[in-house]
């Protein structure tokens, strides 16, 4: 993700070597997701997610605007993903790096394009008024896994949020305050969860690329789940898989990086499903309170 | 409403704090002093970069205005000549804002939000102080910010969120456990000169109370950081 | 292009002498050879591509859209993209203006061919993609010092694209003064109409060039002035050291506006810019009058040959 | 991306458009008598803007122009060997009338012209929306012409690592006399010339600019103002030209010729001669003015 | 559009292809000798893409200078006239930026960058006409142009997309109508192997279909690789014969 934020060559070697032996610096196993801590705010739509040292706060809000002209029957759902230097001095203010563009596109694909939020239900008066649901992701602290953490945050916050009741009679649109009428929950169609793998290649590049060809079983490359910042910096590429509990893949993105065997991708997808199941249950638990 | 604060909440930032006050929750992260880009470099002092992000939406002129105010104020407090050619970056992220049902805004009442610039400034300044302490950045004196409100009945309330005739933001510098001087003030509404002075006087007292609280917090954080002290 | 002082001086000397020698050995009224092809974009009504031997290239697409009548000037939109340069640079919109105005002023039948009904017109989108020969030498997205003036080449491309443009055939009633209806078209590509009808009759064409030229898109010619000498279609080196530049339009057998002075030096240094003599302008116009008809005839050949890429081995 | 630097109104907001000021104001001067040479009387005054390095005010009929010159001032990252020279134009009002320049001649019938007029008004609203910062077509054309014409005259290599900026403000442009873009260019160029002299920036020579028109019957009219002849005849063989001269080297530094129909060398020669006559006249006027202010 | 059958019961698609048939694929290399070090032109059905490679050359800015590797910069220009309906995208469009980053990251891994330290390789791609699978076509054209430029690579990157019709029938190499109507997977394969250099899926598919799609995609991409290889060899022979004569 980021440049190797000040890692010395020795440290780099130490970390990759131990990873090769299946040892991670924080004691996790290679396919273990960090513990996720989800805190709900007092106000609906505010969620604070901690994934190890990574911290992301998501704020969902709603306002009434005019729908897009080409989609008069749909509400608007926007996700704002600007990473500021508060998350780490290496993020520049106001100028998104290529990586940040990828992060924001990924989150958008995982949640918006997969249709997690029912946007048709946000329409008030077709072509004239609709809800604009906005999720502001505040990246607070970075230690890898921004995509995974913000996806959890957004999907939890969307479920936590509720919008005021609105009634339409003729031209008149009445918005009731939360005291007058019970606010309405948004309709969430499914719960997508992102799992990011960091790819490593312990051998020479040539072996990785040519290795599969000569029938050598041990291709060598391996993937670790939920990399920290240091691990992410050392990795040769990432693979993000978004799934929901219904065993649907919402999105896969492996944007370049180390070429990976098809079988390994399938293996990652299987692992991801296990993590998705666990996280979906955890989110449900948290929201029950 | 009472101030609720934590120090050292972020890992990547050099110093950080989280402050809840008057229903507003702010996280402040300070990076630096660090190398400046050529454009920012000042030969004799440090360049202060203040970035404020709102809870909802993109930063607008309102945030720029607040950034300017805080930057000017901090420039007078931080001992800049200790950090020549360097940058200190003060990031303020507003997380929650409770008072005006802000999760349901419609286009029309956005302008009403200018009213609580003072409340946000108040919270930001206190949070910036704690983060500066956490980041070990030298300052001339300690400071804290209080907000007072004259209600329509004419009584002076501390931290009033209620309907107000006028609001007064008062920042005092504190040196040697004594109120030293007024560093920054911002007043909104209609009030007489006398009332302003009354508010300032009250501010001096409250400032000491708040200071002892903030001091306790910062001493605690220093103890944690430098184990040998305890 | 960055040349040393002595290189520039040499160039200037050889171009300003009584018998000027151009760096590529051309005569002063000789254009560079082009390689052109037309109608290769399946999603456009008309298209063309022109390449010069120096590697610069222009790709033109003409697309049509049915619009309700507004101003005639709105019926043509021209969009110019140059390499990966930002599109808000002043000279890009300058060039766009010159090209668009020359099209608007000299459009065939005064737009009659775009008229569908009393209410509906075709609107043409002319998209120009210009790839300069030296995009790799550029340092930033706003650095323009390596750019040559592409007006002439683009106008050739637009000429070819417009001449190859086919518009769908209207099958609904062309008079909708009373009954408002959306125009409908024949889906068949083979029944489309050429925007500029091609003269099939060889005889007429041979005998009477002017009548055949009567409905042709405008061409622009860029001239470079060095002392008393004029050079048509200057290469980037010649542009660099010109005293002054001149753009002259040509349409339907006549010289037409724009006739404007140009700054050919994109690198921003002004040491060679001096201006020209009044006589230069008159000479320039004469030169265009001599050359232009041949050029448009050559371009017409390409249109007639259709899709086959033809190498026009330097006109003359 | 939304505009973050300004507070923009709600999406449905419309920009504020004031009713056009009536044209029959008493301030509208009747077209002035032409002098013997055929040029309208004009008024010039230099040094009227105090915070710039040079400025000039020019008034002819109801057109008023202020040009201010800033520089040479140092800038970072500029070319090392010479100064950079840029021109910006701002038309303060009568924008609507000006936007007609490029397209007004293309209509067929009166009926359509009416339609156009309506469409134009719409266009005016849309192009004038809040937050639009780009130059309009006319402003751009003007800027480019002036820049091209003055590049040869300014000794840019005397001012390395610096910039010279010219700002042209067209305060009023009389819609009544319907002075064309070309005539506006002429007077802006002449005004710029004086402003540059006023700024003390080193020049090879002053640039003077003339405008002329070749009418149907092949006569040359210098400094044509449409108020005298009414609106020009549609479809007529009319050639209009602007040319800028540096008289020391006797060179044309700027040229723009407009015509609806084809032209030939002879016509151009005539019309350019007209421009030259006017430019020389202007030059002697400017000389006289400069001598008188010394 | 959607009322038309994208896949008929007889097993034919809108353009008459079978489910596993590729669009007609033609490519050329060395199309822009004078203005680039390597160039190519790829046509997949009605999708037409042009690519120019310049480099390795001195980095234009310090940010692009890496002490150990060459840095690869990809510029993608999607012409406003390329889709059926004209559409002008701003330069900062995030989708375009995303594609550029994906291409950069993909080729930084397949080009032997360590051979060209402290240099920059600039790749300019132009999409002239779109009919589905732009990313694939661009990736293929970049491969060809890089090879033409003589830049050392471990192997080809060949790319193709596979869609899933009605959540059951996999369909290879979609056109733009099909792309609009079904979720699809874009793959980039390294050489003859089954290694995925890039992989993108933007819409929902059932988990158990992933393996099928991958399999079909990989074989499709390998076919593309063979076609590119053929053209390159042809070009190579031509070069040798002209040099000999």
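Per-chain numbering from 1; labels A, B, C, D and E assigned in written order.
In the analysis below, a residue touches a chain if its C-beta (ideal position, glycine included) is under 8 Å from a C-beta of that chain, and two chains touch if they have at least 3 such contacts.
Bear in mind the structure is a predicted one, so any value in this text is a computation, not a measurement.
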Furthest chain, CA centroid comparison against chain C: B
Pair joined by the larger number of C-beta contacts - C-D, C-E: C-D
Chain whose mean Cα position lies farthest from chain A: D
Chain B-chain E separation of Cα centroids, rounded to whole Å: 53
Euclidean distance of C-alpha centroids - chain A vs chain B, Å: 32
Contacts with 2+ other chains: residues of chain D: none
Contacts with 2+ other chains: residues of chain B: 58, 107
Per-residue multi-chain contacts in chain A, two or more chains: 65
Residue ranges of chain E touching chain A (in the complex, touch as defined): 94-95, 97-98, 100-110, 112, 154-155, 185, 190-208, 210-211, 214-215, 218
Residue ranges of chain A in contact with chain E within the complex: 98-99, 101-102, 104-105, 109, 113-115, 205-206, 208-210, 212-213, 236-237, 239, 243, 247-263, 265-266, 269, 273
Complex contact set, residues of chain E against chain C: 32-36, 46, 48, 52, 54-55, 57, 60-61, 75, 77, 79-84, 86, 88, 91, 122, 124, 126, 128-131
Residues of chain A that touch chain B when the two form their complex: 41-46, 53, 55, 57, 59-65, 80, 82, 84-89, 93, 134, 136, 138, 140-143, 161, 163-164, 175, 177-178
Chain B to chain A touching residues, read off their complex: 10-13, 27, 29, 31-32, 34, 49, 51, 53, 55-58, 89, 91, 93, 95-96, 98, 101-107
